[in-house]
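What follows is a set of structures to go through.
The two complexes that follow have subunit A in common; it is paired with subunit B in the first and with subunit C in the second.
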Partner chain A sequence: MAEQSPEVSAPAEHFELYIRKVRAEIEAEAKLRRMQDPEIEQQEAVIDRAWAAVAPPGATGPVESMLLGRVEQIAMVDVMVPVGHRPGVREVKRLIRKISYWYFAYIASQVNTFHNALGRYLRSLHARVEALEVAAGTASLDGLIDAVDEPSETVAAALANCVTTPVRAVVLSCGSGRTVEALQNVCSSVYGIEPDAGRLLPGVSRGLDLRVDDPLTHLDVLVPGTIDAVVLQGFIEDMKPDAIARLVEMLKERLAIGGALLVAACDPDRRDVVDRDIRLGYGIAPQTWAHLIDRLGGNATLLPVDDERISAVVVARFS
Partner chain B sequence: MPSEKAALQGQTVTFVSTRYGSSVLGGAEQAVRSYATRLAADGWNVRVLASCASSYVTWANDFDPGTTIEEGVQVSRFPTVRTRASNFDALSGRLFATSPPSLDDAYAWIDAQGPDSPELLEAVAAVDEGVLYFIPYLYQSTVRGLQRAGVPAVLQGAFHHELPLTLPIFDPMVERADGLSFGTRAEQQLAHQRFASASGKPQVVLGLPIEQDGPSDPVLARHELGLGDEPFVLCLGRIDAGKGVHDLVDRFSRFRERYGIGRLVLAGPVVDAPAHHPHVTVLGPVPSEVKFGLLAAADLLINPSPNESFSMVVLEAFLVDTPVLVNGRCLPLREHCENSNGGFFYEGVADFDAALRRLLSDAELRQRMGQAGRRYAETVFSWPAVRTRFEALFSRLP
Partner chain C sequence: MRVHQFTATLNPRDAVGFHTLEVDAILRELGHDTELFATSIHPELRSRAHQLEDHEQVAPPDVLLYQLSTGSPVAEYLLARSEPLVLNYHNLTPAEFFDPWEPSVGAELHHGLRQVSRLARRATGAIADSAFNGAALVAEGLEDVAVVPVLFAPIASTGGSDEEIESEERDDPLKPLLLFVGRLAPNKCQHDLISTLTVLRRSRPGAELVLVGTASSAQYESALRSLAGAVCPDAVTFAGSVSFEKLAAWYRRADVFVSMSAHEGFGVPLVEAMEAGVPVVARAAGAVPETVGSAGLLLDGDDPVVAAAAISRVLDDETVRNQMIVQGRQRARELSLELSRQAMAEALSNVLERARSAP
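Showing the complex of A and B:
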């Protein structure tokens, strides 16, 4: 049962802030339950499908569309401030309104017309970008493909063997933390980044330092020179070669001097039929990784691994 | 409560409605009656033009044609010349399967939609003073009537997400209107998305006037309805799967199994009975005299409906200090909660459980939220507040 807070008795203006806090607490509790109970996700998926079946046309849509709707809602300027009807006050308000109404109504009308035009332009732009994505085949593959398997224990051990001195390391898209666990014994500190909160829960319960974040976003905000080793796995198999090249360039700037880049990437030829078809054009073989790193000024070597998916791990350093 | 006289006393307004009368069911029609009777009581010259039909399904002439005075309002009814065609649904199916439908096909569809009353349209064209006020958008009387309007015209569309909203005939209709009024901000937003001409027009988010028209004695209501002393959460309205009630019973059953607290009471006409559950009580229809008492007795009101255009019941709960928990996928319901701080909304299972648990476990939070809800309902939807917005809109018309 929730504790009563003294803030609940606060004046009305503070009450709004308190209600926002309660809403945030409710959302946090709901988020935690979704992480702890996989059944909730299934139940909510059923509700989403049921909603999609009964929702009136136009009432459902992608997140971007809902966001645009929210922007339009907030952008609307309404000069009709709700007013009460207490005798006396009403007359004063009416006088003020009469004096100022025409002016503000005119201004609000201009602003609203501008917002409306902007909103319509953004919607049109959104539709065109969506059409372009479809035409270019870069639309999201969400829901069509399974997440990339986490590297096996053999690969994790091979990655750990590449680290010869105690270093600070990060594993990007760490899954349940198998690689982080293997690196714990050889690194001075190591943590993992995983965008899927559900995947990392088993590792968190084993006491590993695993954090929910997008790998690229995390790299983007990483202070240069603070990490000695970066392990790439999983998410790189859903990237095209040009995006991988940009990632390597970014890593050159982020790694400490003499730092190591370790890559555990599946050889596309070793994918099963479905994976090979759907991920066509995504991900590159370890040999291609090594070639690309060499061309971008690094020094890469391949260490063969006895694994079904990954033929070799790539170890690279940048001078 | 004695009515305060309006600033625009003497203003003439003619409502154009598909149907009119105290026995006529329908949100838009009830809104017209609510506005018309109150404005007339405040000294406005109010007239209503409507068909003789009481059913939008048949458009049969149930009322006598002619002019009467009803609750202070001059009501003129005109006969329809045809009932709705038996193949109307098939016609609709064909029209909406065409993308985009032609303007001619769309006009043929709105004529078939009805009410088809040439005399009503002639009466609209004959109005030569004051303001014409059309409500709602989806009928021939509004689409064709607005074209014939010879005085400034206001459109209260009661727009919501539905296939007909995409028809091209509604663009010139909105273009022709001199002013727009909306039930909620969500509706206004929808109109701005759909109609390029909407944003520059004089407009207000009008809403509906709300008042407590019965006693709010919780003890009496509990006694009359045999509810005992046990706390409960209430769902008041039509008991129907389409109103989200079955979904609510399902959610509540799971909640009850998980946390072991709460009782759900369903009150309203039973259209589609939900599955039996030991902690769910189905009261069926309740007498109007105990409605506010029942709302006051409840710990909170839950409105699970996914498709409400305004929701009087949420505001009625607020009037007796009862907080609400609503389906967040329904934008007008969500809007009431966000604007008032008198309610929470949910979409999934986990947030429903968390919000309900929080509300049931914190009596003081419920009390403060209920009070916040009442302030909102009284400030924004009291008749004087709604009338003020009427006046502001009318003062900006050409």
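Showing the complex of A and C:
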């Protein structure tokens, strides 16, 4: 197949956009395959186990249970030297083994006892951390909880109205890109970040610059001063107040001087019953956002919006 | 101007060796009086370079030029000298990749990276293979950094054919051949390629993977062979080091070039694949996005399901495939030896002149 030499002229000026759309479609396709074929997950587990069995600890990623198993497997020092098959070598090795066995067995016994104790300690530490995670309520609700609704067109328009000069903006957790689309007319450049490839596909098809990434990871690597406006929506409703405070602190460092932080957060009182119960303790009302931002050195204003979920958008600046 | 060029090892068949010899030729074309020094010189090149220990016996140069690609005693030697120093930086693999596999290599890399930091503070200017490499020097405080692609020999024009490689029946999208070229090293993540192949074989049981390249870590190679034997037996070929003719044959035979490498300072094989008309699917790590441009399908992470879906798309969608081939060839032309030589000549002229006039 590589021999094909298509001398057709590719639409070079559109190719970047085209390939971006293809990437989003591939991400969505992969997600769909995972959902439709549960055996894929089992197969991945088989691959991970096979790799963990041959790779040294520290090279197999954060799969704690496999890592602990591997630690236990290689922690035992075996003093029985393999003797080999060639007759002459075998006899020599046997002799060496006989002479050195008692001493090495004595050393190995102490090392093994130490490793055994260390392994058991790690296991107990692992169990205690797990218990702590459950007690702290940080266990994931993935699969039981619906994704946060994308802000309505009314909210998207209200956010766009907050931008008065052409700026470089990013919308975190942009969904299908409704807010990005509204901001396009007022920003010099704007793009969206969305972890769910399936959600952003319609927006990519409309030609919007939407990228698959985790919002917090994206913020983490954003070069300070390169963005004038950050819009927060969606994912912030799955964060606890202390995490939100840390997020605001991080944004203070990332925003350009005089930059704006725009927040479209659902008022927890306006959630439906199921959402309210499952998200209990997660997300904060616009008024609380304004309070937090003010306390963290910013200047926040609330702009009321006529919307079922979101009572006001928050506009904040940091001096 | 008298310019002395230094490199750790000079081998005609490795990328830095070829690049160093090209830079030597460019310096001569620019009219500079230049000599080449290395700690280890391949027998074929003994007439073209001097041993490092002979450097004290020649007249001192106006500028020192260092091909920096590894930790080496050359760095300590240059740091101790007083002439202006210019770096040509090819990147060092972060030690963390090797620490679990080859602690001694990891320690050498840690040492090498400390040398990079000291050299960047000492140098008056630098040329980096990529903006990604350049950023590492800028982060150490070096301001004068130009970006010029690595100089490498075009592979597509390599003649001859290899019946053993090219005789098999082709054009069956259910039996695609995936290719990766690069050292067997933890940062190249060939284990993720094997995972991807395993997932791909669910829908294309005839899919195969060829890994071209020697091992940087014997333990990593052994683990790769064990993994391949456990999850997709007989589907992975470890081709090892191959001749230029065989390499060209593998590119001609391949359906997709796949890279899951987590760290690349430039990625010569990516360009070779594009030059040979092989679509590239690659993890967007290190300098890969700037090398491939928009000609390849870049993946955000190491998810084998996403990588397998991308490969399937390239194999099944003729429009995507054809446009990637066209764009890839165009991108390879932009990085061709001829254009890169011109850019290197210009960058060298500027950086050497500034070095000579530096206080």
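Methods note: the second predicted complex is superposed on the first by the 191 of 319 C-alpha atoms of A that agree within 3 Å, B and C clash if a C-alpha of one lies under 4 Å from a C-alpha of the other, contacts with A are read in each partner's own complex, and residues count from 1 in each chain.
As a convention for this text, contacts are C-beta pairs under 8 Å (C-beta built on N, C-alpha and C of every residue); 3 or more make two chains touch, one makes a residue touch a chain.
Predicted, not measured: the structure shown is a model, and the values here were computed from it.
Participant: A:113 in the overlay: touching subunit B, subunit C, both, or neither? Say first, second, both or neither.
Facilitator: So A:113 only meets subunit B here.
Participant: Going by the contact rule set out at the top, does A:27 touch subunit B (first), subunit C (second), both, or neither?
Facilitator: A:27 sits against subunit B and subunit C alike.
Participant: If we overlay the two complexes on their shared chain A, which of subunit B and subunit C does A:123 touch? Say first, second, both or neither.
Facilitator: First partner only, subunit B.
Participant: Pick one for A:104: touches subunit B only (first), subunit C only (second), both, or neither.
Facilitator: It touches nothing on subunit B or subunit C.
Participant: In the superposed arrangement, does subunit B or subunit C reach more residues of subunit A?
Facilitator: B
Participant: Mind working out whether A:213 is in touch with subunit B, subunit C, both or neither, as first, second, both or neither?
Facilitator: second
Participant: Quick check for you: in the superposed arrangement, does A:76 touch first (subunit B), second (subunit C), both or neither?
Facilitator: First partner only.
Participant: Going by the contact definition given at the top, which residues of subunit A touch subunit B in one complex and subunit C in the other?
Facilitator: 1-2, 4, 8-9, 12, 15-16, 19, 22-23, 25-27, 29-30, 33-34, 37, 40, 43-44, 47, 50-51, 54-59
Participant: Which of the residues in subunit A come into contact with subunit C in the complex?
Facilitator: 1-12, 15-16, 18-19, 22-23, 25-27, 29-30, 33-34, 37, 39-40, 43-44, 46-47, 50-51, 53-59, 212-213
Participant: Would you mind writing out the residues of subunit C in touch with subunit A in their complex?
Facilitator: Subunit C reaches subunit A through residues 99-101, 170-171, 173, 176, 186, 191, 194-195, 198-199, 202, 219, 222-223, 226-227, 230-231, 251-255, 276-278, 294, 297-300, 303-306, 308-310, 313, 315, 317, 320-327, 330.
Participant: Going by the contact rule at the top, pick out the subunit B residues touching subunit A in the complex.
Facilitator: Against subunit A, the touching part of subunit B is residues 4, 7, 160-163, 165-166, 185-186, 188-189, 192-193, 196, 198-200, 202, 204-205, 242, 247, 254, 306-307, 329, 341, 344, 347-351, 353-355, 357-358, 361-365, 368-369, 372, 375, 378-380, 382, 384-385, 388-389, 392, 395-396.
Participant: So in the complex, the part of subunit A that touches subunit B is made up of which residues?
Facilitator: Residues in contact with subunit B: 1-2, 4, 8-9, 12, 15-16, 19, 22-23, 25-27, 29-31, 33-34, 37, 40, 43-44, 47, 50-51, 54-59, 69, 72-73, 76, 78, 80, 82-85, 87, 90, 94, 97, 101, 105, 109, 112-113, 115-117, 119-120, 123.
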